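Shared between the two complexes below is chain A, which pairs with chain B and chain C, respectively.
This part shows the complex of A and B:
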């Protein structure tokens, strides 16, 4: 403990600590702010800085752990009264403390800005722990590299770059799952996945700390093997954990405990996860706009966010993608046009098929614009091919009868298509 | 000039040129073998912005070249005389040229001209930054600023419309003028850092204090 305090007081990282915090906050707010006010999304956003803190701390740890050798204190440490692993663990812990505190400050900031909008609840610990595991893993790898190759130059450079490239290429949520990009309320990091990742991080720490560089006083092959046993054992465990991480599948799984959805008071009901209560006023306005659609259009009695109904209705349920209400209106428009038209059947010929598809595209675009209350936002690209989104945006401001006759024309094309 | 040649060889020996040569060889091999592997940066949004690995290779080349200025006698060398300075400067110029030549030679076979220009530009930018951080924290920390640039280059490189920002020198085409502007600025800054030796810095500080 005293060594740890001494190391904390003397570590050059104390000058870099503000930089670490600044980096964390820059990653948190630098790209997007839509996660503010939704607890799981805020937790995932607070976890992302680990992706950048990890490689930086790996480079630092590689530099720091080589110091003992570079300064010529190797023999003194080996001959010291304290077991070597305690010294190494204290050095490693000092790096982890600085990194962890910077990371925690970022999480605190994320919680503070979310507190007003998000309602009951708090940051989800699963995501925060996932990021912490990545940081610890990177530090352990850096420490290991620094002990074996105590160069002041090559070890940090290679370690920092390699951690960055490997985590980028293999750590994504669809691969090893060392970090996630967003945390929708329908998914969570399950404790088993978390445990495997922490197992990997902690066994890596054990390897970094326990591996002896030199074995003075041990003679004979057998004695040396016995002295190396803890390191060999933890290395085997680390390999097992790595295999577990790679084979366990996606890190985010469907949420185990389903809570009651939160629905709009206006009919038709639009239901979302209770974590997303901050969207309620906008969803109420959308529900009202759906109820104001012309009588020729029939709407389903309720719309659900993805995951609320378990396995059911996966193709019509909406998703709140990066807080965009346009995406919600877009999915709802498809559900509405499905409810207003006869069931799909293959058309008689391809001309009729194309005509009907086009009518569907235009009808859907108009419905989406009506439901969202405005045309397609300028930062959204694409949409159904061949539909003039600007014309649609003008159309929804025309008098109601004109819009009704426009929609009826499309409905007629769809209903008039004969089945093969 | 046998004298200069001898001191050059001595300098190279003291500055681990073998290690640097090995490092470069490994990097160039990686470049040729895995250069087209795509780094799918997770925060690039919806646009397709996968940067090939080879666009990042000059970073390591530059860091190595500048790191070669460091030696076990760093503090002694900081009090160097003009002869040593001459060797030091010719060595760093030579090292950067050698890195550029290696890069061009390797890339000329596998990449179009535009990519070669892009990589050269990256090398110049990172050399300038490496010189700057080497002067600030010691030559063996030449990696700090170049490594830090990876953060904006992989996190903010895409604007709201899915286009690469003007300063993203790892993705803008080799003919992009603003990025060459960055290269010139970075080289000037790096050259300034190289010229700002400890004794000149001392002199400046003293003059500054006297004038106050």
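This part shows the complex of A and C:
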């Protein structure tokens, strides 16, 4: 412990620490802010800076671990009684402490800004541990690289860039799952998958500190083999963990324990995970707007956020994607449209099919705009082909009779289309 | 007297290049001056005594125990203080941390490490700079910090490679006082400065090409001087005479 404190005191990383914190906070808020007020989303957001801190710390660890060699410190270490792994572990731990504290500060900031809106609960440890595992893995790789290639420039630069590229290309949620981009309340980080990723990180640490750069001079042939055994064993475990990481599937799995949903007081009921409570005022307004739709439109009695009713998606399920209420309204509009129109069957000819499809598209777009209380946001592109979203946005501000007449025309087209 | 270190038939080299050959040497308590030109094998001999590199041939005993395995070498290192000629340090280490780190490397027990560190720093008169960073020290002070790192924990065998390089005359006098005060150790000083040898050493060894040319007291080396040999003092002339192949390997 005393040596770790000494390493912390002497480490040049102490001067970089504010930069690490600034990098973490800049990534946290620079990427998006919709996660504020939802614990699992805030947790996933707090984990994302690890994606940048990891490669940075890998580069630093490569620079730092090569210093013993560059500063001519080898003989003094060899002449000491300490096993070399203790020396290396102290170095690596100092880097991990600085990186971990910077990461924790970022997580603390994410918690602080979420506290008011998020209600009971706290950051989900699974996401934070996933980010921490990535940081530790990168530091271990950097430390290893620096020990073997003690160059002050090439090894850190190559190692940092390589970590960044490999994590970017292969670490995503659908690949190795070393990081996730968001954390909806319907999913959580699987403890088993997290354990495998920590296994990989810790075995990489073991390889980094246990691999002898030079074999003990006094060992015979047998001793040299024995000296290599811990590193070989760690490397074998690391390979096994890597195989587990690559083959275990997505790191996020459906949330096992379902808490009681939080529903709007207004009818129809719109129910969300309790972690999404910050959206309740807006959902109440949406429920009210659904109840105010023309009588020709029929609404389901309840809508549920994805995952609340099990893994199998249903028509009335919706997803809050990156905090967007438009996405919610869009999903609800399709459910309302289906409840208000006959069951789909293929039309007699393609012209009739096209007319009906267009009527569906326009009706859905109008419903979505009515439910959301505004037209499609300008930052959301796409939508049903051929629909003039600006016209729809103007339409919802017209008098109710005009809108009812417009909707009835579309309903008539849909209902009037004969099945083949 | 029981030797603290004992070399028997030691040969050492790098690859096929033989640096020292067939050395036998017993080192009981005392101060030993290792003189010789550059490339004589002094540093290699010190590294071998420090158990940094195992000998290619021969046996090494430290405190009566044969060093033949990594385990025995590690046990021996608890009793060895070693200051390489170009010693390494982290520039942002304070003097205290550098010496304390050396104590940790040496395996000085945790409970004694603080006091041992303070004592070693005081011995080299760096108490007032104990919290100064290594990079802020002058060359002489750096050398003293290195000596403190070598003597921390009072090793039985102290190996100092060119310890007085960079010290001013006053500091060299203080260094000699320090060496004289370490009465319970075998101390090997590798140096180019024969006056240091004359001042503090009980025994002097002259090396060239990996072999001992002379081994005896400083007085015996001075007696070895012959007219016609270059040198400003009897000891220097004795040293030069030994290098030119004159004199006895006592």
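Just so it is clear, the second predicted complex is superposed on the first by the 411 of 420 C-alpha atoms of A that agree within 3 Å, B and C clash if a C-alpha of one lies under 4 Å from a C-alpha of the other, contacts with A are read in each partner's own complex, and residues count from 1 in each chain.
Everything that follows uses one rule, which is that contacts are C-beta pairs under 8 Å (C-beta built on N, C-alpha and C of every residue); 3 or more make two chains touch, one makes a residue touch a chain.
Note that the structure is a prediction, hence the values are computed from the model and not measured.
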>> Quick one: is A:17 in contact with chain B, with chain C, with both, or with neither? Answer first, second, both or neither.
In response: neither
>> With both complexes superposed on chain A, which partner does A:179 reach: first (chain B), second (chain C), both or neither?
In response: first
>> So in the superposed three-chain picture, is A:85 touching just chain B, just chain C, both, or none of them (first/second/both/neither)?
In response: neither
>> If we overlay the two complexes on their shared chain A, which of chain B and chain C does A:27 touch? Say first, second, both or neither.
In response: first
> Given the touch rule stated above, what does A:51 touch, chain B (first), chain C (second), both, or neither?
Replying inline: first
>> So in the superposed three-chain picture, is A:165 touching just chain B, just chain C, both, or none of them (first/second/both/neither)?
In response: first
> For A:149, is the partner it touches chain B (first), chain C (second), both, or none of the two (neither)?
Replying inline: neither
>> I'd like to know which partner A:379 touches here: chain B for first, chain C for second, both or neither.
In response: first
> Which chain A residues are contacted by chain C in one complex and by chain B in the other?
Replying inline: none
>> Residue numbers of chain A touching chain C in their complex, please.
In response: 2-3, 6, 9-12, 67-68, 71-83, 87, 216-220, 223, 227
> Can you name the residues of chain C that touch chain A in the complex?
Replying inline: 47, 50-54, 67-70, 72-75, 77-78, 80, 82, 84, 86-90, 92-94, 97, 100-102, 104-107, 110, 113, 149
> In their complex, what parts of chain B are in touch with chain A?
Replying inline: 19, 23, 37, 39-43, 53, 56, 59-60, 63-64, 67, 70, 140, 143, 147, 150-151, 154-156, 160-162
> Across the complex, what residues on chain A touch chain B?
Replying inline: 23, 26-27, 30-31, 48, 51-52, 55-56, 59, 152-154, 156-157, 160-161, 164-165, 168-169, 172, 179, 181, 379, 381
